[in-house]
Amino acid sequence: MSIETPQAAEKTSVRPGAWKRLISNPLGVTSVIVLLLVILMSILAPWIAPHDPRYALLDQINASPNATYWLGGDVSGRDILSRLIWGGRTTLVAALIVIVVAVVIGISTGLVAAYAGKISDTVLSWIADALLAIPSIIVLIAVYAAFGPRIALSMFIFGILISPFLFRLVRALAISVKNEAYVEAARVSGVPPVRIIFRHILVVIRGPIIVMMADITATAMTIQASLEFLGLGSINTVTWGGMIEQGFIAIYQAPLSVVWPGLLLTVTIGSVALLGNAVRDALVPGRASARRRRHSVKTPTRTGGAWKKHQDTGPSAFLTVKDLTVSYPHGEELRNVVEGVSFSVDRGEVLGLVGESGSGKSQSVFAVLGLLPEAAQVTGGQITLDGAPLPLDGQGRHRPRRMAYVPQEPMSNLDPVYTVGYQLTAPMRRVLKLSMRQARAHAMELLSRVGIHESEKVYELYPHQVSGGMAQRVLIAGAISMDPELLVADEPTTALDVTVQADILDLLRDLQMERNMAMLMVTHNFGVVADICDNVAVMRSGAVVEAGGVDKIFNAPEHPYTQALLKASLEGAPTRDFTTGGGHD
Amino acid sequence: MITYILRRAASGVLLILAVSVVTFLIVFSDTQRIVRSLVGERATAEQLAQRTAEMGLDRPLFQQMIDWFANAFTGDFGASWLTSEPVAQVIINRLPITLSLVICSIVVLALISAVLGTFAAVRQGGAADRIIQIGTEILSALPKFWLALMLVIVFAIQFPLFPATGYVSLQNDVIGWATAVTLPVAAVVMGELRVTSMVRGAIADELNKDYIRTLRSRGLPSREVLFKHVLRNAAEPWVSLLSMKIVGIWTGVVVIEAVFALPGIGTLATNAATRGDGPVLMGVVVATVIVIVFVYLIFDLLQAWLNPKARLT
Amino acid sequence: MTDQQPLLDVRNLCVDYPKRGAWRQKARVLDGVSIDVRPGETVGLVGESGSGKSTLGRAVLGLSPVSEGEVHFDGEDISRASAARRRELASALQVVFQDPYGSLNPAMTIRDTVTEPLRTAGISRAEAVQQAEILMDQVQLPSDSLDRYPNEFSGGQRQRVAIARALIRRPRLIVCDEIVSALDLSTQARILDLLMEIQQESGVSLLFTSHDLGVIRAVSHRVAVLYRGRLVEFDDVRKVTEDPTDPYTRRLLMASPVPDPERQRERRVAYRREFPGAVTA
C-alpha cells in the first residue's frame, strides 16, 4: 500500500475454520476419505472379511480371482482379499506407536535444546545426529535377533530412532522464532514461559511439524512392512508386508498377489503424506492467499499529460522512457504496476525517481535495465537509448548495454562463493573480452577509484569478509567497470548508515560528473534527491504525478501529493518542549 | 578447517563406540534364548549349560563386552556361531556388494536430482515443473522393496531385460555387473526421488537472489549466470540434502538385497538375525556404522569446502 | 520540572555479548551509559548500526543481560530482576518493536494479540475485549480489525496494533525500538503524530530509538547520542540538534541530507570541509 488508509486492507467475511478449509481442498478430502476407509476396514475386519484369513484351501493355492476367493488365493491357498482386510491392522498400530513415541520425545527434547542453554543443546544435538547416522533397519534386525518378533517393541524402538528428525526440526524452528519480535513482546507483556511456548511458538511452527509427523507415519508404515518382508515378523499375524513376502515366493506363478498388498500400502502411505500437507495448508491462516507485498494499482491515475508539459529535455535525450506500462498477471487478468510513465535523462544529468513503496519506481528502472522479474510484462510504451529504441519483447528482457546498475542491499548483491576480484573481472573478460591480466589491472584501478585503499587485499576477499559500505563501493566499481553511459542506482544508500551514505553519495556524484554519465536515482528520501539530483519525477501508484527541476519541485510543488510528501518530511518540524509535555499523574 | 575435520572425526569414533556398546547389550542380553535356539528345543539343561560355557557366554556380560572390544581393536571380530568363519572375513566378502549398490545409488540420485531439479527450477510453474514435482512425490511414497518387486515383474519377468536375481562381481564382468545392479539401484533411487523437489527449491531460491540480477545487469549471459553462479551456490544445499539421504539409501539397499537375492550385508544381517548368530550381527552393525560415519565425513568435508565461510575458518 | 524524580534512571550500564566463534570471549556492546527518563517525557536514542541503542532498550526491558551498572525504574533497581518480578513489571513497562512484520504473531487474531497482556494479568475476557475495542479507536483502526489476522494489514496498521498492545495495560514507560524505520514517509509521520497524541493524553514516558535524527528530533524532549556503545552526548533536543558539542554528533547531524537543494549544497560543502574524504573500510 502506498499510502495507509485507516480501513483494514481488505474485507473478508468471517474466516472459515481450519476444518472447512481442509474439506474444501480436494486432495485433503480424498486423503481423509481413504484413511477413514482403511481404518474402518481394519476395525471391522472380523465382520467384513469373507473368509478366515488363516484358512487354507489346497485347490486355491496361487489361484486366480474366482467366485470363492474374489482376489484369488495366496501361496498357501488362503483368501487374498480377507488377508488384505486384516492386514491393515498391524500397519495402523505400528504407525500409531511410532508417531506417539516420536512426537513425545522429539518435541520435548527439541524445545529443551532450544531453551535450556548451550550444554543441553550440544548434548542433545550430538545424540540426535548420532541416532540419525544409524540405519534403523540394522538396529531393528538386531532387536529381532535378541527378542524375537515383537512388533510393539520394535516400533517403540523405531519411534526413538526416528525422533531426531522431529527434534532437529522443532529445535531449529523454535530457535528461529524464539527471538522474533512478537515472542519478545509477549515476554515483556508478562506472558508466562509455558504459555509462550504453546501459543507463540508451537502454534506458529506447527505447519512443518505436521508435515514431518506425516512423513514419520509414512516411514513407520514402510519400515514395518519392510521387516515383515524380510521375514522378521510374526508368522501368525496377517500383515501387508508379510503378504508381499509370501507373494514374492510365487512371483512367477501369481504376480498379482504381490501387487495388491503393495498397492494398498502405497495408497495408505500416500494418503498420510497428502493429509499432512493438506492439514498444514488448512491450519496456517492466509497461507492459501499468501502474496508478496502488493504492487497492485487499484485506481490508475492518469497524470502523464501533466508531466509532458514540464518536460525540459526533448526526445533527443540520452534515455527517454515514453508511456511505459509494466504488468503482472493477477489471476486471469493483468494488473499494471507501472502505467504510462514517461521520463528522460540526458548525459551529465541526474534524474531522481521518488515515491513510496509500491509507487512503481523500482519496476520502472528494472524495465529500463531489462531486468524485470520473470512474471512481469512490458505491455506498452517505448524506451530509447541514445536515439535507438530498446527491444522490448513480452517481458522487456534485453541484455543491458551501455547501462549499469547499483543495487540497494550491498551484501545480498555479491555472490557469496566468489572473491570480490573474480566477480569484478568475470564480466569484463566475458563482455569486454579483456584478458585476465588486463581485467585484473582494470579492477585494481576501479577499486582504488571507488576509495578502497587496500585494493590488492580486497581483491582477494570473499563478500562475507567486507563491511556493508565497502561492499557498496565494490558494487559501484562493478557497475562502472562496463564503462556505462547510464548509471541506474536503486536506493543505493538506504541500507547504509548516514555517515557512510554521505560518502557514497559523494562518490556517485564524482563518478557521474567525471564520466559525464546520465544517472537515474531511485529513492524515497528527499534529502538524497536534494543532495544529488538535477531533476525529479515524483511517482505514485505506478504513475508520475509531477516532475521538474529540483529547485522547482522543492520550492513550488504543484501536485497535492508532492506537497503532502514534502510536508511529511520531518525536516524543520518544531522540536518539542518538555514544559508543554502534558500533565501526568 | 583442520580442527573442524578432527572434531567431526572424533565425533564419528565416539559414535562408533557408543553404537557398538548399545548393540552388544541388545544382542547379548538374552543369551539363553540364543543358545537354546542353537542346541535345539529338546536339549537338556546340562547340554545347554555346557554349550553356554563353551561359547563363553556364562561370564558376566560386562566381561564379555570388554573382551569383544579388546579383540575388535586387533581386527578380530570373533567367529560365526553357526559356520565358525571369522566375522571379519565374512563381512569383507559381503561389504563390496552392498557398498557398490549404495555408492551407485548416491551418484545416480545426485545426478538425477541435479538435472531434474535444475530443469524444474528454471521452468518454474510450467508443465514440466509440475510433472517432475508430482512424479517424484508419488514415486517416493512407494515402499522401495515393493517398487523393486514391481520392477522385477515388469523388467525381469514380463520383459526379461535384466536378471531378477544374482550378482556378478565388477572385476569379472563389467556388463554383467551393470545389468545386475540396474534394477536394485533404480528401485532405491526412485524411492528417494523426493529430494529432487528440495533441490529444485534450493535452485529456485538461488535464482531469486539479488546478486543474480546484479550479475545480469553487467551483461553476463544467462547460461553463465546459471552454471557458474546459481548452480555453484546451490551445490552446498544440494550436498547437504543428499547427505540426509545416506541412511535412507542404506536402509533401502539392505531390504532390496532380499528381493534380488544379492549376497550383501542386508541378507547377511537377516540370516544372522533369524538364526541368532550374535558375532555376525555385531560385525554387521559395527561395519555399517563405520561405513556410514565415513560417508558422512566425506559429505561434511565436501560441504565445508563448498562454502567459503567454512573453508576459511 | 527538571528536578523531578526520574521514572527511569540508567546508571553506568554495561552489556556484553558473547563473541561469535570465540570461546568465552565477550564483546562490550554498551559501555558505561547513564541516562534518565522523566515521567511524561520522550528521550530519543540516536546512533548508527553497532551503536548499542537497541541494546539499551532491551536491557531496560530485561531482554539483554546487564553486566555492570544499574537500571532504576521508579526507584527500584530492576537490572537483575527475577522472572516473576519482570512479569509484574509488565504492567508498567512495555515495548513496540521495529519490524512490523515480525512483531505480531501470525497465527493469532488481533483480538488475541491485543488482549493477551490483560488476560495474562487475570482480567476477564469480556473486559479485556472491551478495552481492546476502546484502544482500536484510539490507534485509529476500525473495530472490526479485531477479528482479523496480521497478514491482512499493512506495515503502518501493524505498528498501530503493536502500539495498542503496548498501551492496553496503561504502562508508564514504553520502549519504542526503531518503530518507524520500516515505514513510508507519510505513514511514519502519522504513527509519530499518533504516538505524541497518546503521550499528551496519558502522560506515558517514551524511550525512543532511531537511526534517523529527523525522527528523533521530532519526537524527543531530550536526546542521547550513542557511538560504538558509549554515550557521547545527552542533552535537550534543541541543544543536541542545533548546537552539538561532540564532534560525532556534529558529523551525524551534518551527514544527513536535508530536503532543500540549496541548503543541502552548502551543508555538503561544510561537511566535507569538516570531515574530509572519510573512507570506510
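We call the chains A, B and C, going by the order they appear; numbering starts again at 1 in every chain.
In this text, a residue touches a chain if its C-beta (ideal position, glycine included) is under 8 Å from a C-beta of that chain, and two chains touch if they have at least 3 such contacts.
Values in this document were obtained by computation on a predicted structure and should not be read as measured data.
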Along the shortest chain of touching chains, how many steps lie between subunit B and subunit C? 2
Please flag the chain sitting at the greatest distance from subunit B, going by CA centroids. C
Subunit B and subunit C have mean C-alpha positions lying a whole-number Å distance apart equal to 54
Subunit A-subunit C separation of Cα centroids, rounded to whole Å: 30
Under the definition above, what is the set of subunit A residues touching subunit C in their complex? 1-4, 6-10, 12, 14-15, 180-193, 195, 199-200, 203-204, 284-286, 290, 356-357, 451-454, 467, 469-470, 497-503, 505-506, 524-531, 550-551, 554, 564-566, 568-571, 573, 575-579, 581-585
Residue numbers of subunit C touching subunit A in their complex, please. 1, 38-42, 48-49, 61-63, 83, 86-91, 93-95, 97-99, 102-108, 113, 116-117, 120-121, 140-142, 144-145, 147-149, 151-154, 156-157, 162, 165-166, 169, 184-190, 192, 196, 199-201, 203, 211-215, 217-222, 237-238, 241, 251-252, 255-264, 268, 271-272, 277-281
Spell out the residues on subunit B that touch subunit A in their complex, using ranges where they run on. 11, 15, 18-19, 23, 26-30, 33-34, 124, 137-138, 141-146, 149-150, 152-153, 157, 209-211, 213-221, 224, 228-229, 232-233, 247, 250-251, 254-255, 258-259, 269-270, 272-274, 276-278, 281, 284-285, 288-289, 292-293, 296, 306-309, 312
Looking at the complex, which residues from subunit A come into contact with subunit B? 126, 129-130, 132-139, 141-148, 218, 222-223, 225-226, 229-232, 244, 248, 251-252, 255, 258-259, 262, 265-266, 269-270, 273, 369, 371, 374, 399-401, 403-405, 407, 409, 412-418, 423, 426-427, 430-431, 462, 464-465, 475, 478-479, 481-482
